[in-house]
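In order of appearance the chains are A, B, C and D, and numbering begins at 1 in each one.
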Amino acid sequence: MTVQLVDHNLSDKAVVRAARVSTVGQTHKSFLGKPGEDEDRDTGLIGYLMRERHGSPFEHGSLTLYVEAPIFVFREWQRHRIASYNEESARYRELRPSFYLPAVDRNLVQVGKAGAYRFEPGTAEQLAVVDGSLVTAYEAAYEAYERMLAAGIAREIARAALPVGIYSSMYVTMNPRGLMNFLSLRTHREDVAFVSHPQREIEMCAEKAETIFAGLMPVTHAAFEQNGRVAP
Amino acid sequence: MTVQLVDHNLSDKAVVRAARVSTVGQTHKSFLGKPGEDEDRDTGLIGYLMRERHGSPFEHGSLTLYVEAPIFVFREWQRHRIASYNEESARYRELRPSFYLPAVDRNLVQVGKAGAYRFEPGTAEQLAVVDGSLVTAYEAAYEAYERMLAAGIAREIARAALPVGIYSSMYVTMNPRGLMNFLSLRTHREDVAFVSHPQREIEMCAEKAETIFAGLMPVTHAAFEQNGRVAP
Amino acid sequence: MTVQLVDHNLSDKAVVRAARVSTVGQTHKSFLGKPGEDEDRDTGLIGYLMRERHGSPFEHGSLTLYVEAPIFVFREWQRHRIASYNEESARYRELRPSFYLPAVDRNLVQVGKAGAYRFEPGTAEQLAVVDGSLVTAYEAAYEAYERMLAAGIAREIARAALPVGIYSSMYVTMNPRGLMNFLSLRTHREDVAFVSHPQREIEMCAEKAETIFAGLMPVTHAAFEQNGRVAP
Amino acid sequence: MTVQLVDHNLSDKAVVRAARVSTVGQTHKSFLGKPGEDEDRDTGLIGYLMRERHGSPFEHGSLTLYVEAPIFVFREWQRHRIASYNEESARYRELRPSFYLPAVDRNLVQVGKAGAYRFEPGTAEQLAVVDGSLVTAYEAAYEAYERMLAAGIAREIARAALPVGIYSSMYVTMNPRGLMNFLSLRTHREDVAFVSHPQREIEMCAEKAETIFAGLMPVTHAAFEQNGRVAP
C-alpha cells in the first residue's frame, strides 16, 4: 500500500494565525514578517485550542495524498465525508491485475466479539490457506474479467467480477481537522479515552498519513497526541 | 436491487413553511391549522425557489431508505457526502452468496468514448459470456471465502476475495435537496441542460428512490422536473 | 427566547435499526412489528455506539425547531455547519422592534481570562447601566431604521443600523448527531472531560432544545449524558 | 471592505491531476516533471469537467482569504457551509468603532418585488438621510457599548448594542468548488441561466475574491465563465 504526499499548504503557523483573529483581528501580516518568533506562546495556544475543542482554526489548509490500496480500504476511507476524493475508475479504464495479499506478520485470527476482540497470529497452515484461497479467487476473477472485455462487454459490467482485494488508486484531500478525525478513528491505541478498532489495512495507510502530517505540523501533531488523540 | 421506504417526515408544506420565515416570520402555527389552503400559492413559491436556487428550504426533513444492491453501486452512492449511511459490515458478519447478474435487457456494449458514449444491446453470445464469466468468478470467490472462514481466518481478511458484484445492504438517509442532487447526477435524460451518464445499475436504484420521493413531495418533484432536473 | 418543536421523525429505535444493519442486514421489518421488545438490549447497544464513537447510526432522522433569539445568538448557532437554516430576512421584510434585554438573574461581570473565566452577578447599578444603555441604543437604532425606510431607502441598507440584540427567527433542522454536537459545545458543565464555555444566551436556547431532544430520544439522551456529553 | 489573499495552494494543474486518476491512475509524478506541457489538452479537460458537473476534481486545494466587512455581510457569507471560518470575537475583545457607510454610487432604492426587483440611485436627499441616520445610530450604539464596558459589564453582553453595520474581520478558507458556488450565488449577471440577486455589499467582496481566484486558476475561471457561472 502506498500513501504519498502530493501537495499541501499546511503549517502550525496557519492555526495560530486563524485563532488569533478572535482576539487580535488581522494577524497574517505580522506572521509573514516574523517567522520563528513567539514559538512557546504558539505551542501553548495550539494545545489550548485542542483541549478546548476549538476545532475551526485547524481547518485552514489542505493536504493532498496519493493512495494505492485495495478497494476494501477505500470503502472505509471514503465514508469520511469531510474530505475530497478522485479515484481511478473501472468504468473508464481497465484495472490492472494487482491484488492484496496479507504480509506474513498480519494477524489472521479474530478472538472475542465485537467491542472486545483482538487479533492473533495464524498458524503456517492458516497463512497457506489465505494465500492459496486469495490467489485462486483473484485469478478466477481476473480471468473472467478479461474474457468479458475480450468479448466486447463494457468495462462497467465486467468489473462486477473483480474482488474488493484488487488495488485501486486515488487522490484524497483533507484539512488538518478532518485528517485528525480520520487518524483518531482509523488507528488503534490502548491508552486513550476513546479506543478505536480499525481494520489493520486502513490503519497501515493511516500510519503513513500520520507520519506525513507529523512532519508538516509537528506542534499540532504533538498536541493531538497529548490530547489523547481526540480530534478537536 | 431493492429500494424501500423505511421512514420519513417529508412534505411540500415543510418547504413552504421554511421559505416563508424569510418574509413572514413564524409560519408553522398557521400551517398546522390550515392544511390544503393556498395550494396554488404554495406551488408557485416552490417553483420560484427551485428556479432561483434557494436551496435551503428543501433541507428540512429526512428520508430513510433501505437499499440492497451490489457493492459497485454502493461505491458510487456513498460518494454523495450530504447523506448518512449505515451498511452491512463484512467485518462483523459473514456475507450471503447473493450476486448481481445483468437482466436480459441490460445493454452490454459501450459505443463511443467518455463524454459521448452510449450503450447498446449485446448479442446472445455476449450475454452468455457475461453470465458464464460472472457465475464462474462468483463461485470461485465464494468458495475461497468459505474455505478461509472454515480455516478460522478473520472475516475482514477473507472478504478480500469477494467481488464488487456481491449484494450488500444499507440504510441511507437524505434530505430532499441532497436527494434531488443525487437524482440529477444518477439518472440520465437527454433533454436537460446538464446531461448525466450514470451507470445503469445505480440509475435503477435512483429511479426507485425517485418514485418514492415523487409520491411524498409531488409539488417539489414536479418543480424539479420543470427546472430541468437541476437540484436547487 | 423561544425554541419550539415544529417537526421531527426521531426515535431511539431508528438508531438501533441503523446500527443492526452492520451485523444483521435488513432490520426495519421486524422492528416495525415488535415495538417495545428487547429494550434492554437496545439500551445496551446505544450506550456501546456512543462510547465507541460509532456516530453514523445517530444521523437517521431530523428535528426541526423554530427559534426566536437575538442575532448575536444566531451568529453563533449558524456556525454549526451540519444543520439546515432558514431565517427571517431583513432584506425581504421590515424587522419588528423586539430587542434582547438580560434578565435580572443574568450574570453581568466576567472574572478571569479566556480559558479560565467565570461570570458573576452585577450590582444593581450595573444592571441599571445595562438596561439604560441597551434601551437607548436600541431606540436610536430603530428610529434611524424607520427614518430611512420612510425616506424610501431599501431595507437591506437601512438594516445596517439595527443592533445584534434585535430578535430574529429561524427554522433550524438537525439530525441527532449534529444536535448532540451542538449541545456538547453550547452548554456548560463542570464535571465533564471537555468543558465548554458558551455564552449564556445560546446556552439557554440549547437547554430548551435539549429538553425537547431528551423527550424524543430518552435512551440516546441518557447515553449522551453517561458518555460525558461527548457527541459520538 | 477588504479581501486579501493570505495563503493558497490552488492551481489548474491540480484539477487535471485529480481528474486524470480516473482514466490513467497515478498522475502526479509526470505532472511534477512536465510543467507547461499539454496545455490545450488540459484546458479541454477542465471545460469538459465543468460542463459535465464532475465537481470533485475542483476540490483539491484551499484558498485562505482575510476579509474585513460589516457583520451583515458576514451573516450571509457564513451561511455557506462548505468553508472554514475564524472571526474576530466580540466576546474576547473590544470591537473598534469602524462602521459601514454606503459609497455615493450605491443604489439606495429598491424597485419591484422579490424575484423581479432592481436597485436605482437615490436622490441627494436620500443619501443624506442614509448617512445621517446611520451615523446617529452608530454613535449612539458605540457610546452605549463603551458606557457598559466602563461600568465593568462583560463584553459579550455589551455587544448587544452594536449594529450589524459594524466592521468585523475573519479568515475564510474554501476549495475552488466551494468558492465557485459562492461566486455563482453572490454575484449578479443578467446573461446567465441562473440569475442571482445578492446584496451589493457581499457582491463587492465576491468580486474581489473572484479577481484573486481568476489570477490563481485562470483556466478554471474561464471555464466557469463559459459554463454560465454555474459551479460544477
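Here, a contact is a pair of C-beta atoms (placed from the backbone, for glycine too) under 8 Å apart; a residue touches a chain by one contact, two chains touch by 3 or more.
Being a predicted model, the structure only gives us computed values, none of them experimental.
Chemist: Would you mind naming the chains that touch chain A and likewise touch chain B?
Modeler: Where chain A and chain B share a partner, that partner set is C, D.
Chemist: A-D or A-C: which has the larger count of contacting C-beta pairs?
Modeler: If we tally the C-beta pairs in contact for A-D and A-C, the bigger total goes to A-D.
Chemist: Indicate the whole-number Å distance between the mean C-alpha point of chain A and the mean C-alpha point of chain C.
Modeler: 33
Chemist: How many angstrom between the C-alpha centroids of chain D and chain C?
Modeler: 26
Chemist: At which residue positions does chain C touch at least two other chains?
Modeler: 23, 56, 79, 85, 92, 114
Chemist: Considering only the defined contacts, which chain C positions touch chain B in the complex?
Modeler: The touching residues are 4, 6-9, 14, 17-19, 21-26, 28, 56-57, 59-62, 64, 66, 68, 84-89, 92-93, 96, 169-171, 173, 175.
Chemist: For the complex, give me every residue of chain D touching chain B.
Modeler: The contact residues of chain D facing chain B are 23, 48, 51-53, 56, 79, 114-115, 185, 193-197.
Chemist: Which bits of chain A are touching chain B when the two form their complex?
Modeler: 70-72, 75, 78-79, 81, 85, 90-92, 99-100, 102, 106-110, 114, 119, 122, 125-126, 129-130, 133-134, 136-138, 140-141, 143-145, 147-148, 151-165, 199
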